[in-house]
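Below, chain A partners chain B and then partners chain C, in two separate complexes.
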Partner chain A sequence: MRAARPLAALGALLALLGSPAAPATGAERVTLPAGEFTPVVAPGPEQKTVAIGAFALDATPVTNADYRAFVVRHPEWQRGRVAALFADSQYLAHWRRPADPGPAAADAQPVTRVSWFAARAYCQAAGGRLPRWYEWEYAAAADETRRDARADPAYRERILAWYAENSARALPPVGKTPRNVYGVMDLHAVIWEWVEDFGGLMVSGDSRNQGDPDKLQFCGAGALSAEIRDDYPILMRMALLSSLEASFTTANLGFRCAYEVTP
Partner chain B sequence: MASYLRFLALAALAALPLTAAAAAPDPADTGGSLKGDFGPPQGEPIRAVLTSPPNVPPATNRSRPAKVIVDLEVREVEKEISEGVRYTFWTFGGTVPGSFIRVRQGDTVEFHLKNHPDSKMPHNIDLHGVTGPGGGAASSFTAPGHESQFTFKALNQGVYVYHCATAPVGMHVANGMYGLILVEPPEGLKPVDHEYYVMQGDFYTVGKYREKGLQPFDMQRAIDERPTYVLFNGSEGSLIGDKALRAKVGETVRLFVGNGGPNLVSSFHVIGEIFDKVWFEGGTRFQENVQTTLIPAGGAAMAEFHLEVPGSYVLVDHSLFRAFNKGALGILKIDGPENKAIYSGKEVDSVYLADKAAPDSKAVETATVAAAKGQLTKAEQQKAGEKLFTGTCSVCHQATGQGLEGVFPPLAKSDFLMADLKRAIGIVLNGLTGPVTVNGKTYNSVMPPMSQLNDDEVANILTYVRNAWGNEDATVSAAEVAEIRKTTKRPAGAAH
Partner chain C sequence: MKAVAALLTGLAVLAAPSRAAAPAAPPAADPHAAHHAAPAPAPLPGGSLYQLGARLEASDGTRLELAALRGRPVVVTMFYSTCTSVCPMLTLAMQRALAALDPGEQAAVRFVMVSLDAERDDPARLAEFAQSHHLGAPFLVAHAGAADVRAIAAALGIRYRQLPDGSFSHASVLTLLDRDGVPLARTQVLAAADEAFIAKLRATLR
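Presenting the complex of A and B:
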């Protein structure tokens, strides 16, 4: 009974924000308002900004507990059953059993070693989709008080500190970093996250190639240079996502879901 | 008449290139990539021997082109960059610089780049010895826990840098992602007694020079090109003490020296030696009798010299503040009989002691803990001070406090040091420029402010030097240092 009141309050809040219905499992959802945004890499030669429509986002990444519930309901996404085309050999390799994370993957830790296909299937089952890159970047540009904190060196320094450690350490539980101005947590300094359009990021792994006219032929906007050249945290995100194929999994790559909202 | 003369001159000029083209080919022209393809690989594939610095793999000793398989693993590892200072290096093969690769001109190299599952970043490799777009970068772009493969033919002989080229490329290089690949000429290199691998790099940390603890990468300092450290082989002390390079009198040493950058060029010099030959820029020609050779960021050189006189020879970047205030120092220790006919021996072994600055901060830690508890003894202070002195001060004042006459004033039995404690504290904190008289002799040089030292450390060092080598005095307390720090001013722009 004690838990009922905060939950009810939360429900009321979500209703106020115009969020979709609460999910069967998983994180609280928060709604981000529509806005005009200057991404680090411009969308086109003549276009510096993108218009982001309102959308809802999981406040925290999907956890092992959430993902276990998913593979129990959808056994075709269990380790050992999933087709090699959809997930590489390290898919959920750190879980004790196909439907049981075990001690090496605590309930509250973000799920990792999931492919893009798997992440997408999870979000579809939850009534949503993966966030698009610009949506993710839009949400991640905020700090606790500002919608766009990216020009603040202190903000960048704090994010960069995450890269001073490799991925051998245990992942922290979700929801322990401060909420940003939208109420979203863990966008930095916890894991890498899949996005819906990771394959269209158009960033060459060789960062010096971006002026190469050849690239236009192969991946359109790939010839575009970064608009904000010293935003290393975002450039590293983009480099990581560019190195992936949709079946790849890595030890610190997870995801969260986004949802359409009706205004 | 004038126009006729001009016609003649023009005709002569026009004829010049024709004459040159008609001449016999230059015998010194090795032909570059045009003559570097010796046909398909022969025999069974060979697995390349990779070595960690400062070691170099053995000569290929082959007379035919082969298929060579290179397995290189990328690891992100936390290691010591200086005494008590840790840094997360991104490495090729677990070391900075990365594993040394040795092949022969004309070899077909099948390259496997593995990115360890514990890596946070994707990585790739651009080898300057590759002919092809990106030097292999796009073909080797590899996510954590994955492996890429590509193949190239080594058409040009020489010593080449390789490095990571993943965005943001400067940061990957600043974190240590570079190394050397040697493409031997078809006839191989002349055998020598020792081959060593040394590579310079600049590093950018949030904390100042020698500030303890795990130091993250400082993006702004890197963009501003203001390194905290400039190092040989990825850490202060990598070529010092037990890890000094070694050889004997009468031997010939070959150094493969690279510069990973990402920002600085290196004025590479060995104090007390002259390079008999330098294959400058890692190319095919050598220059003889070279004192200092310039190594560009993303470039390399090969240097050979014969050893006549024993002693400790110091490798430096002759941009000297990098050497003495940012760490660009290494030691080549030469053993063997003195040769007084060549060198009198007076100062040979005294400039830098080989046992200097071996990373051991135990005495320092003990003193820190005791000071925090208010139980610091004079003996502990002296011990900690000695360690710190060896690491910082002995470079100029010498391990025995004798200084170098006319250059660095002595501390042992120094009237100047012992006369005024407050002045001594002030000099350590704020540096000293201009003439001073010590034991009756005039010295006119520059001591930089030791702004990396905290009050405890300065107190320990001064307690040590004021009670060593015949000096005798009371201890110096951190409070006394703090007082001077508060009441004196460091010259503008002199901080580390």
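Presenting the complex of A and C:
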């Protein structure tokens, strides 16, 4: 964290210098160290853990203001211009105009109603990529003091309470939840988030099932060997992501970007 | 006035790096637009996979844009060469669909197999695969980079996951694309010829 301060100051300076042409946008990035991680759903019958390489992650989800700057620079991603292959008809439907979120989508709220293709294009333009699921889950296992707080019932209860509370109200602005030990915010309480490999999450870990359409399409969490069977928030998130197509958009589905770091 | 102009120039220079971060080509652009000035091809329909900007490397080492397949109907699937369980059936299903066509029809279609194994299925391995399965023209067995594999699979609705042993669990799907790369039909029937799919393919070739 000590190194982050001069960088932030430099960032602020650059933002000031560049402001007339390019408004300052984009979240703060934090670096997560490499680690061994036990995901809720094991990667395979004989393997319980995955090795996560060091990577950087946006501390908060991408906001309407960030996304507005992106569609101004890349008009092919504006509502009305985006190809049907890349986004469904509800893409950015809540924005006032194609390049103007308007009052229904505040600058500091996370951008939602964006497709996987759109999220990916945004991250690519930002020099990054979407996080992979294991990276996302690794980041989300932490609380304010521990890298893996999942065994603590109090931690789980708090996350479940967040889900219950937030489903009914308007999206909160980003950056209002506590920073976890890595400095990442809003992983649980705010929105669903796209990941690069969303389509493979609930695919059976038994390759003999491949190609059997019935097994493949309908094997749910019950058919997978879940390591932490009562981690409902994670299983719920995996189920939701698995049900999406890459052009889908929903009112609670946004994203943040990940970045490679040089070791 | 001169001072203002100098200031603006300075600001433009300062702002330039952020603009340079933009990708070189928007995904919707025709990748060949820069190379041939004479008659511009019609814009692609909104549902066309050829807007992905994906690049392939064929088993003979040829590099091509996915969009270079435009012009002929295509039957496309995703597989990996070391797959021993279902991919042989998938390959057989492709061959069966081809065999259902008469020679004239066969010459007017492409059968494209894109590997899910971006890391290991290099052209040499794919050439070996194509040879051992007797996949000559009109087959194209191809490798793509990891990001392009994800995009193509996403556009085709093919779910997959790499397993710890390096194999893939994946949906086995044949998709028919029209001459512009728009999906017209798909089938997951592998054990026997899917008559409805083949009828649609023949109708597209007419």
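Definition applied: the second predicted complex is superposed on the first by the 213 of 263 C-alpha atoms of A that agree within 3 Å, B and C clash if a C-alpha of one lies under 4 Å from a C-alpha of the other, contacts with A are read in each partner's own complex, and residues count from 1 in each chain.
Simple rule for what comes next: a residue touches a chain if its C-beta (ideal position, glycine included) is under 8 Å from a C-beta of that chain, and two chains touch if they have at least 3 such contacts.
Model, not experiment: these values are computed from the prediction.
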| item | value |
| --- | --- |
| Which superposed partner A:199 touches (first chain B, second chain C, both, neither) | second |
| First (chain B), second (chain C), both or neither touched by A:239 | first |
| Touching partner for A:73 - first (chain B), second (chain C), both, neither | second |
| Chain C versus chain B, contacts on chain A by residue | C |
| Partner chain(s) touched by A:160 [first = chain B, second = chain C, both, neither] | first |
| Chain B versus chain C as contact partner of A:90, first or second or both or neither | first |
| Touched partner set for A:249, first chain B, second chain C, both or neither | first |
| On chain A, positions contacted by chain B and by chain C | 203-209, 242 |
| Chain A - residues contacting chain C, complex | 17-18, 20-22, 43-44, 46-47, 73-74, 76, 83-86, 116-117, 120-121, 124-127, 129, 196-197, 199-201, 203-213, 216-217, 242, 245-246 |
| Complex contact set, residues of chain C against chain A | 11-12, 14-15, 18-19, 21-23, 26-29, 44, 46-49, 51-52, 83, 85-86, 89-90, 147, 150-151, 153-155, 157-165, 167-172, 188, 190 |
| List of chain B residues in touch with chain A within their complex | 75-78, 87-88, 117-122, 124, 126, 134, 137-138, 141-146, 165-169, 171, 206, 214-220, 223 |
| For the chain A and chain B complex, residues of the former touching the latter | 90, 153, 156-157, 160-161, 163-168, 203-209, 230, 232, 235-236, 238-240, 242-244, 248-253 |
